[in-house]
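Below you'll find the structures, each written out as structure tokens.
Presented sequentially are two complexes of subunit A, the first with subunit B as partner and the second with subunit C.
What follows is the complex of A and B.
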């Protein structure tokens, strides 16, 4: 996934101009080693994708399209002496592998997080690049990078032990009272685990990704355009609205896609906070689960399936998540490259 | 339900006659019974790696030093990871022993004929509620199933009042608590619900993770101590006996559960032993048996064996000897089954509750571990 620096291509062309005989032994070794090294990242991606497809194949055949629409997830009666056969593959009786509530949880948490993180990130980046003097802004922007370096398990622990209980006691009841206007706010607010708490913590986790990318883009906005706007008598706010933001609009979309890809695959923080029950929650405060959290928390149960179908079903979930994450990440990178050129901060893995 | 598939599996194991090393003891042959394979201290140091059940882990950690004190060349190296991992690690040979709350399934035995599951201790599960001021609470599986299905939502529901005459239960909403992800505790709890409520059996069923019916006031937690901590006012939770002390400290009330004979009981060493004794009557040669909802007036209804899964074909004779010695010592009331070691987790040992014939079957299974 890491894009090759532009310089590498030019260096390669330069080497081609030399004939083999002119290359020293050291050059040839370096060339061979770097060629192998260059093959490893794309090779790994293809390898992992292939392994996932192979591992998921029995489940894909067993489930068909009902995988995407099913609302029951059950490894089946593992103590049965018989198996059921569907589309030619065997699974324990009563086995059902529906992904709908998990797909819902994955998109709901990541999209709510995005909705909250984008305005904060763009506002923060604007502040750092346009308002605060550079000598103060630069150290401040280091904090953004540091925030991105906090291990996700720490976010999870903080969310479940401190943030969740606090916000459930002091903020959620007020939100819930808006329930007669906005239906999914109605009902019990719980103790701080659930969909909204997970989304809020995810928002905190993706703010550094979106904000630091936006900051890089903002600093590339030509100074002449901004000075022109100021010379026309526009305020700072109007300059940002009319010149700066429109200039990087596509870039913000791309940065958001990168942040989204990160939120989609986050596992341990979400697992700790969301309550991890297989369902579409009754309201925004309810317990649910995501694809990533469900794989992590039920693998142990799946290992008890003598037909192996339980693990295949989790592999199919993994494959689905891989596909969703790759698509959003790829889309983000394509848009960023079109707008900004060079290399941008890479989203941290899980 | 398991005997059909299991018939072909060797019951009394491979007879190992040769004594290994000077420090081993070979029990004498008695009355035509095959002689047990020797146990004792291996001549070289052996590390008995273990992975699996986190419920079993604290008990195994208790065993480490007394085991090495008894047999200087055997080191037990327990780690967690979950029951499913314990079984799959033992199958793959990643660890010698796999701790599990659930016995092996017929499918797992069929796929791995040399695998054995040997009970080493007995655990149980209590049903706890957060009802300030209430000191006695009586429940049965049918009512609990209806609570977890969302058809009984208030503590003063007529069905609950009928079970608790003389006690005024509050009108608060019942908040059922479940375990997150996959859990051996969820397996034995849902097995109990399936045994006592036909709608539950044909609906969510039993398993380490189930699709729980949606209940408005529901909650979830990720471990037995986590269940205790998350059980706030109006809550009902299923908690393994290893966390009973924590639940009492937290001010929760433990429900007396109605057993098959109609008696209301809490899990105690006596009521757990009664369930084991009743369950032993139907124990198959594989030793894989559910102790849920057993017959007997004094049998607590949610009891389970804690198992160790082991491959009876080990790669070296020293590991096989160490494994046999570990099992033999662990189920011995003067070894790992001392009350002082078991009582910290509120487990009970096998010897007190199992008839001699079943203990002999277990010893024969231990004896079958060879190369």
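What follows is the complex of A and C.
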């Protein structure tokens, strides 16, 4: 967990005042070189967006709006000698690129994950900051760092081989029996590879982002406000409800948006666990796919497309994913700017 | 009497649920690490390290050397750029420029890894005709972890106590000398721990490498040849039906987890030491 020390803004201004002092020639070279380096991350962001737009353009023209509504994804007959043309762009015969089931899978998995991860993260962070003494809480928070550092392919392996089979045998049957109340829970539970297992593992993956941010925010709640509440005779629970949680609410929203962005873009773990079948699953336990997983699993096949349209279609999927996750990310960072700078973790929440 | 009792029950329930939440955070972390290691340890034989992956021979040497080559490359590329960028943001940049560069660098960290992989494929593998190559893999990984290094470096420099800077100014030191002689020693542990954590992340990545480094059954043989890596072995082999190859998937995952844990704990150790060091310096 990376966080800025309190009073950073003030220190920043002071640093700038100091930097007005005379610069030697060596200093100027260092400043110029490091300035170039500092422009590389924003430049990369622009470059990535540009490459995706250019690569997706033929597919955008070919598909039009049907990209968002289509429920068929077919690279077409890659051995054909003829092509079909649509809106002036050529593709192999029978080619169709619809994204609807993938968009559904992406939002379904990431929203279920978010729904579970937010209360668990906030509850766990409250426990660590308000109940457990610092001496024990600090070593326990190492587990957040470990969760953040575990590779996504390992999450995938665990989900497929350990967690999925376990939960499908012991928990899903009970959930499925609620099927006559909630239709989406009805039907076969399978062996643990599917939409719900992917969502659960995603929840575990985004917990470190939300929980570690919440923990930092909780530790910044002014002690005087809490003591005031206690002095009024409030219990620890009432203090948490009336003072602490409202104080950090905006920060939790921002961290949740970042966690959501990460869940939207997760590739390998979801690909291994969800079963990667192009369809909207019949129930919550069924196989499906997401945008990210579909790109990773089909790009190899698309490379055989002599018109190149398959690769462009996957670029359009990638562009859509990029747009969604950047918007979520931006929203989170803009929200948090109003509360306190430098609190939000970068990327995975390490 | 009934009102206070009800609120007691509610408070008990609330903290009970918070406790359950904490268990739900810790338990998966423990279970993932233990179950992967339990699967991996029985198949961790010396042959996995002395042999490469070819035919029915189940070795990991090429994947381990490949992961090391990728890490070394990432350390050189992302390390250089990231540390310089962090230094600029902390020491030279006017506040407004620093705020914007920081903002976009953090947004870059939000780009999905598969998108980074796709851009690497389109721009480097196809666009520059590098084909599947170690260099393309290094650059894709670097783009992904650059924001972490920028942030940790900036933080390491900006948390050096102001008294040290003022002392340097009072002595009439130039900015360059101040950075090298006064700021660098206390900031260095923070910078290094940032690099170590970034390496932990890059060691675990798969998606950006699939279509840039691709995979290779041989040890790394040059910047423009494809290269193997541990996460790629796990990703590919777990999807094959043969239990023998699945065992290799576990072995690779076990080695990856051990490497990542080692890096995380090393990074944490350095961070704790540097915090103590800086706390002692602040007068």
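The rule is simple: the second predicted complex is superposed on the first by the 324 of 350 C-alpha atoms of A that agree within 3 Å, B and C clash if a C-alpha of one lies under 4 Å from a C-alpha of the other, contacts with A are read in each partner's own complex, and residues count from 1 in each chain.
Definition applied: contacts are C-beta pairs under 8 Å (C-beta built on N, C-alpha and C of every residue); 3 or more make two chains touch, one makes a residue touch a chain.
What you are looking at is a predicted structure, and each value in this text was computed from that prediction instead of being measured.
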item: Contacts of A:282 with subunit B and subunit C, given as first, second, both or neither; value: first
item: Subunit A: partner with more touched residues, subunit B or subunit C; value: C
item: Which superposed partner A:299 touches (first subunit B, second subunit C, both, neither); value: both
item: Touched partner set for A:193, first subunit B, second subunit C, both or neither; value: first
item: First (subunit B), second (subunit C), both or neither touched by A:142; value: second
item: Touched partner set for A:261, first subunit B, second subunit C, both or neither; value: second
item: Contacts of A:119 with subunit B and subunit C, given as first, second, both or neither; value: second
item: Residues of subunit A that lie at the interface with subunit B and also at the interface with subunit C; value: 272, 296, 299
item: Residue numbers on subunit C that touch subunit A, as the complex places them; value: 7, 10-11, 14-15, 17-22, 24-26, 28-33, 35-36, 39, 80-82, 84-85, 87-95, 98, 100-101, 103-119, 121-123, 143-144, 146-148, 150-152, 155, 158-159, 162, 165-166, 169, 174-176, 179, 194, 197, 200-201, 203-207, 210-211, 231, 234-235, 238-239, 249-250, 253, 256-257, 260-261, 263-264, 268
item: Residues of subunit A touching subunit C in the complex; value: 2, 4-5, 8, 11-16, 18-19, 21-24, 26-27, 30-31, 33-42, 44-45, 47-48, 51-52, 55, 119-124, 126-128, 131, 140, 142-147, 149-158, 160-163, 204, 207, 211, 235-238, 240-241, 258, 261-262, 264-268, 272, 292, 295-296, 299, 311, 314-315, 318, 321-322, 325-326, 328-330, 333, 344, 346-348, 350
item: Sites on subunit B touched by subunit A in the complex; value: 1-2, 4-5, 81-85, 87-88, 102, 105-108, 110-111, 178, 180-183, 204-212, 214, 216-220, 222, 230, 232
item: Touching residues on subunit A, where the partner in the complex is subunit B; value: 71-81, 83, 92, 94, 187-188, 190-191, 193, 271-272, 275-279, 282, 287, 294, 296-304, 306-307
